[in-house]
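Shared between the two complexes below is subunit A, which has subunit B as its partner in the first and subunit C in the second.
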Partner chain A sequence: MSSTATSAISATAPKMDPLHHFQVAKHLDLSFMGLDISTSNSVYWMWIAIALVMLFFHLAFKNPRTVPGRMQSLGEVGYLFIHGIVTDIVGEKGRPFFPYIFTLFFFILFCNLAGLIPGSFTVTSQLIVTATFSLTIVGFTFGYGFYRHGSHYFKFFVPSGVPVPLMPLMIPIEIISFLARPISLAVRLFANMTAGHTMLAVMFGYVITLPWWGAWVPFGFTVIFTGVEIFIGFIQAYIFTILTCVYINDAMHMH
Partner chain B sequence: MDATAAALIGMGLAALGFAGSGVGLGILFGKAIEAIARQPAAEAQLAKYIWIGMAFVEAVALYGLVVAFIIMGKA
Partner chain C sequence: MIATAYAATGEQAAAGSGMPQFEPSVFQHQIFWSIASFVILLYLLRKHVLPAIEKVLDTRSNKISSDLDAALKSRQEAEKASVDTQKVLVAARRQAEQTVEEARLEAARYREMAKESLGQELSKKKSLALAEIETAKRAALAELHETVVDIAILATEKLIAKNMTKADTNKMVQEAITAVQEHKGQVH
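Take a look at the complex of A and B:
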């Protein structure tokens, strides 16, 4: 950007770049059979999130007792929470999918929460990461529907109880709505994380640029908003999990 | 008006989508409070749907943000 308006803004504010912490920085240049598998800060924070999940459940169930302690209760609450979602939405037949949904929820949750540590990197604020999740899930449900119902699965795109003359209109709508699933699933998580963190960064920018007697207002706001961000990180992981269950249920029971 | 200025105006216009999300949140929480006032016992059950609905409504506003980011990439 080189117009006078932006240069005027950048002249008054000392180095304000609220999008800086979303940049992926390569560390080790690696390639495997022509594939780029270089490690970056994104990859490191994914490993950290996985390590945190494993550490959490290791500590929770290190020596399990009938009457759970504090850590074990927390682990059990997490387990029962996901178990409740799966049995509520998919039903008892959803048990084979439970390990995957459990892993998905805790990975996204810990990525979201680890991204709130100052100086860290939010893995879920990269569209490619969330798009990989959502495309895998929707692609899997499509394949699973065919595996389970065979060619009857095409009926999924034909809404029931609609008069025949409306069919040429309704079937493309159903197909488009199915194709929009991975996009909306990915963009929801990505945009929520990006927006929240950008807002925090902008507010912290004001803390630096304002004089000391005014800086406490945006500073207080960032403290409150960090709490909101923890909540949003949880809600988004929850929504992602719920929608995954809904899509699996659609493939299993076909409306 | 050069292309950069147009891009900046476009990014600002993309933020208009937030108005729709604001209306949606108002309706959502207004109706939720109304429902809880009529039937306080249903609060725990309603809370689940409120948070899910809130995430959906907020996502609509954030699509506008994504559009702004796309414009910023082009500028």
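Take a look at the complex of A and C:
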């Protein structure tokens, strides 16, 4: 009897499912040589992010001037921002990596920001997406370090200035911290996006369930928190980019 | 391999948490499309966006450096022109001073000359005047002398006509003639 009562209540009350908008729904089932290349809302929002990046730069540079207008200044600031990160952290030798880092930053940034559009999907709230990027980056830096320094690259895991008796302790720590890189990189972005959007979803749930005089409180909170989320979206893209540069620099200079 | 590794942990997590992110069936296509999307965006940005931005920035830096060069050049030219102008001014001033000096000297010379010629003129006029005065004096003296002689003769005639005999008269005439002749010899 009690179970029927519970189900009756849950049927009448509005359904609270703040994780619902992280649901990936496949749209077209496609496969290519046994590989699942289906499209889904996640994939479509990746494409939308690409389109938004291109639209942004199209608007910024459709009519380039020596003395820039507002949009052009914004586009140039984006370019110089990433350029500054790469040259500050990796140095002039980081020049070949610049296009990749530039693409990475703007892809993540626009995925983060596009996810704030009501009814949209946040690509970067998918751990598998952030893990794909972080594992590719860390795997690449490992391969690049090996390619650049050969077997010397293993010295990277041997901290300098440490007494020999401590080596059996230090080397595993270094290896573990290296292996933690892709995990921390992926989880940081995923967790920030997931937590922020879940919080917004919970607050919007309250806006719907509370009467109009009480709904203003969570509604006001969502307004403020959306602003915070824009900031977080930017910061997380920035951190992801900076750490990528740090890892490339490590592989290049073996610090 | 990555996907299966995550899928293994994902299945356990998804069972417990109910988070849609850990549903392994949606992993593979997202891995593929993440990489594909990145590559597509990389291609588009490299092909269309980065060259455009770099062109703008390069154009600007070229323009700035060429403008700076041009500004430097014009400044040097201006400085040179200023120096030239200064030179011209100094030369002009010097020339003006020289002209004034020359004019002053010329004027002094003219004044000197004028003074000299005036002096000559004056002394000439003076000597002329003196000569004229002398002539006039002489003429006046001569006239006076004649008049005195005439008066003396008239007076003498009258006196003689009254008192004298013929012999006396002859004697006196003789004396008078002698006297006049003597006098004349004295005057001349």
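Just so it is clear, the second predicted complex is superposed on the first by the 242 of 255 C-alpha atoms of A that agree within 3 Å, B and C clash if a C-alpha of one lies under 4 Å from a C-alpha of the other, contacts with A are read in each partner's own complex, and residues count from 1 in each chain.
One rule holds for everything that comes next: a residue touches a chain if its C-beta (ideal position, glycine included) is under 8 Å from a C-beta of that chain, and two chains touch if they have at least 3 such contacts.
Everything quoted here is computed from the prediction, not taken from an experiment.
Contacts of A:134 after superposition on the shared chain: neither subunit B nor subunit C is touched. Contact with subunit C, but none with subunit B, is seen for A:38 once the two complexes are overlaid on the shared chain. Subunit A is touched at more residues by one of its partners, and among subunit B and subunit C that partner is C. By the document's definition of touching, of the two partners only subunit B reaches A:242; subunit C does not.
When the two structures are aligned on the shared chain, A:125 is found in touch with subunit C, with no touch to subunit B. In the superposed model, A:194 makes contact with both subunit B and subunit C.
In the superposition on chain A, A:112 contacts neither subunit B nor subunit C.
By the touch criterion stated above, A:184 is placed in contact with subunit B alone, subunit C being left untouched. Contacts of subunit A with subunit B, set against its contacts with subunit C after fitting on chain A, overlap at residues 190, 194. By the touch criterion given at the top, residues 2-3, 6, 18-23, 26-35, 37-38, 40-42, 44-46, 48-50, 52-53, 55-57, 59-60, 63 of subunit C touch subunit A in their complex.
Against subunit B, in their complex, subunit A makes its touches with residues 1-3, 5-6, 184, 187-188, 190-192, 194-195, 235-236, 238-239, 242.
Against subunit A, the residues of subunit B that register as touching in their complex are 2, 4-5, 8, 51-52, 54-56, 58-59, 62-63, 65-66, 69, 75.
Listed in rising order, the residues of subunit A touching subunit C in the complex are 19-20, 22-24, 26, 30, 35-40, 42-43, 46-47, 49-50, 53-54, 57, 61, 64-66, 68, 72, 75-76, 79, 99-100, 102-104, 106-107, 123, 125-129, 131-133, 135-136, 190, 194.
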